[in-house]
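Heads up, the next two complexes both have chain A, just with different partners, chain B and then chain C.
Then we have the complex of A and B:
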């Protein structure tokens, strides 16, 4: 066995540990399928500002499983070995978070081109925003941080969606992809999340 | 060259300190770390391996701080709970551990085979770690600690779940490792199993060092009328305050 061929490089072992090969293609396929099949679908949900129900695009919730899978991948680790490592996995972990949001953006843009849905374009922005929040909360909250993504969306639905017109700026999600303030907030949240991730990759859970 | 903790205080979030103003110097050879549950054994090992950082105080090896690469190369930890990575075989997981410790991928891959051979897991090298039994997984954890040829080995209850034959193999391995000049600090609840073979014994109680010294000095704490086969347990019970 000693003279056997080296199977994989270090970064491939990292990828296998994070279970990327199984999950990232499945995630891309899932995002494409959901955005394509539900690009125009809305469900009535209770909104306090509207004093009743408002139609909420299903696409608003597409980022939740994407972000949950990202966090699950990041949690597949050897905590003690990675915390006391000479080689840091921080760069690879950060690149993974960027790649997942890039894939979600790419899939959203492709579906928008195919279906003409403007809401699909915002999927990438919403994914990056929610991923940023969740990554910021991971060190203090652990795996429970992933709940921040659906929690944010339900707060937006219950308290942010009016019966007519655009939602308030603080919601970030639910705006068009090109809206400047939500885009800036997304960039800030995502960069903050990445910097927290880079630092916490060295920390034992 | 020694691993040293100086005036270390450590507490988990919203908990009282597990170790307070704790100082310790790891002696040569095999040291067995004893203490009741919650005494701070695992915390001591995690601090000594630079897995966690003390709130105050320093951890050094040969004068180099715990955050340095030289320290991290020199010290290896087998944690109390060995994680089975679903996506990795035993050899890949051990090689990944070596790669994390700075080995080249080729060295890590080759040394992983050798480390698995030393713990008697060669035939399971290609088995996914999630398919290993509890005892096999602990042996894979030992292999991961051995893979990069550390100068200090910190083993957190390595013999838990091992059958008598595996324990004998493990004792032989410990002997080889210490004869090669590696310092070993090993925590266990199995007092009589390893204390007789250790060069030194350290006993913790509620985060404090109640004994550290030679094995002979440890046995001297047993009551004089203790049967020879019961000396380790009797000495431990007296030191750890479990004798009455």
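Then we have the complex of A and C:
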């Protein structure tokens, strides 16, 4: 009874320390962006294999605010209290990352279901992949790791997108949701990111 | 802080390899090289690599400025040293970031200039100044966003937002957004260059927003006054940018005839682009021969300038020859082995911009006969009448007029020619 109360308030304090409220506007913005761009709105960006501009779906960029906010929440810590606490926050942090990516996937799936276009489903996969590489890079790069998400998108657009047809496999993002290799790569990156997060949760940044 | 320690502590240093690799790789692999045939036209050589740099340079500058601003905020610099000028504090962290943006713009441009052995010209460098100024403006905007949002969120979001916002307007059906986006994305043709009027709206929009945000940091005592000033400044910049551009088409106002030329003679002075060299002598001979032929036939022509129209870019054909200035396709004519024909056709200058085709054609037939270029004109006319019954009818009527004129005594034919040109612009059209 008593330990249950402690666990409950512990989670609340953890949520307050991580400032989880910030995820609400971020996910709302994400939902709005996915809804606006699921129909295939694309922006002409310069791409190298095409030697000119290619239409890049705006959907490709929607994960960035979510991943950035997730990282910000994970960075909001009470370093002294957490370093000396009996109970580790690693489980809660890992669960947070999983939950955010799950909500993003859910939003993508819901938009796809309501609109009948399948493009939005893939945005959950893209979110998980970008979150995975950013989480992997946090111990060596610190807060700057979050810039890996836009940097990856820069590399994909500049070097990955051909003028027609699907992008090469290594881009991972920008494929259809059913493509097996990008899905596997995303799972690997995300699991790696979670394990790095769980290990570094007590000490990082 | 000292120069070197400021540079070493800036995020621009570790972002530099990534940000500079992209434009350099783009250039080295050929994507952003000026398209062949490359001529010695600085504006064209500069605009090709620049086309690829704008969005990247602005996005990098804005994101890193947001990052640096967030670092200042986390360190509490403003609270620890409230007496220091806010502008100075901002400038000290923003110059390495702006410098990186400038390098992203300048490195591929310098590579292109060195590669093609072209000296930069004032008109050719104008878009570069725009890009440099806007890098600074985007640094200010990024800095302001970094003060509002945490840097971990502001930096990646600004990178994407600026990148997309600068690149997006080109795909709009409405033309004016592309003239204020900050990127001068017009493929310059040989001889063309940007006008200041075409670049100003870009600067007005982004520059006024940056200036308004910077004004927020001025210590103006009354909040209402400050807010009013900020809003007025931003509104003035954006509305004047819109007012300037809302009536433009997809092409902004451009300069023509900016390619270096070589000329010979006077009255008329004959000019061809230097890059297409070798054509000057035959062109000059053709012009003088055509003038002599007309003279012998009794029509005295006195152009002051005969200039190749290849340097007109997309304006070619919209500025017809006048009695004073002829614009034949001299180089193309020399290459096709018919310089006298192209000059003779431009020598027929009716006194209006849109002459009637029948009378003009009759006058052209007469000019071709006088200068001995019948064969070329006939070949041209035959090609044009293929599958075009309307054109064929006009040609037949012009031919009939020309034949009637040929039966006139030689002395009255010049008068007929002048009359025909007047008819082309008058009641007979």
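We adopt the following convention: the second predicted complex is superposed on the first by the 180 of 205 C-alpha atoms of A that agree within 3 Å, B and C clash if a C-alpha of one lies under 4 Å from a C-alpha of the other, contacts with A are read in each partner's own complex, and residues count from 1 in each chain.
Just so we're on the same page, a residue touches a chain if its C-beta (ideal position, glycine included) is under 8 Å from a C-beta of that chain, and two chains touch if they have at least 3 such contacts.
Remember, it's a predicted structure, so these values are computed and weren't measured experimentally.
After overlaying the two complexes on the shared chain, residue contacts for A:9 are found with chain B alone; chain C is out of touch.
In the superposition on chain A, A:158 contacts chain C only, with no contact to chain B. In the overlay built on the shared chain, the residue A:43 is in contact with chain C alone; chain B does not reach it. Once the two complexes are overlaid on the shared chain, A:98 sits clear of chain B and of chain C alike.
Once the two complexes are overlaid on the shared chain, A:192 sits clear of chain B and of chain C alike.
Residue contacts after overlaying the shared chain place A:144 against chain C, while chain B stays out of touching range.
When the shared chain is aligned, chain B comes close enough to touch A:78, but chain C does not.
For chain B in complex with chain A, the residues that touch the partner chain are 46, 49-52, 69, 72-73, 75, 77, 79, 83, 85-88, 91-93, 95-97, 99-102, 105-106, 108-110, 113-114, 117, 122, 125, 144. Against chain A, the residues of chain C that register as touching in their complex are 11, 14-15, 18, 22, 25-26, 29-31, 51-52, 55-56, 63, 67, 150-153, 155-157, 159-160, 163-164, 167-168, 170-171. Every residue of chain A that touches chain C in the complex is listed here, in rising order: 26, 42-46, 48, 51-53, 55, 58, 61, 64-65, 67-69, 71-72, 75, 143-144, 146-147, 149-151, 153-154, 158. Listing the residues of chain A that touch chain B in their complex gives 1-2, 4, 6-10, 13-14, 16-19, 21-22, 76-87, 89, 204.
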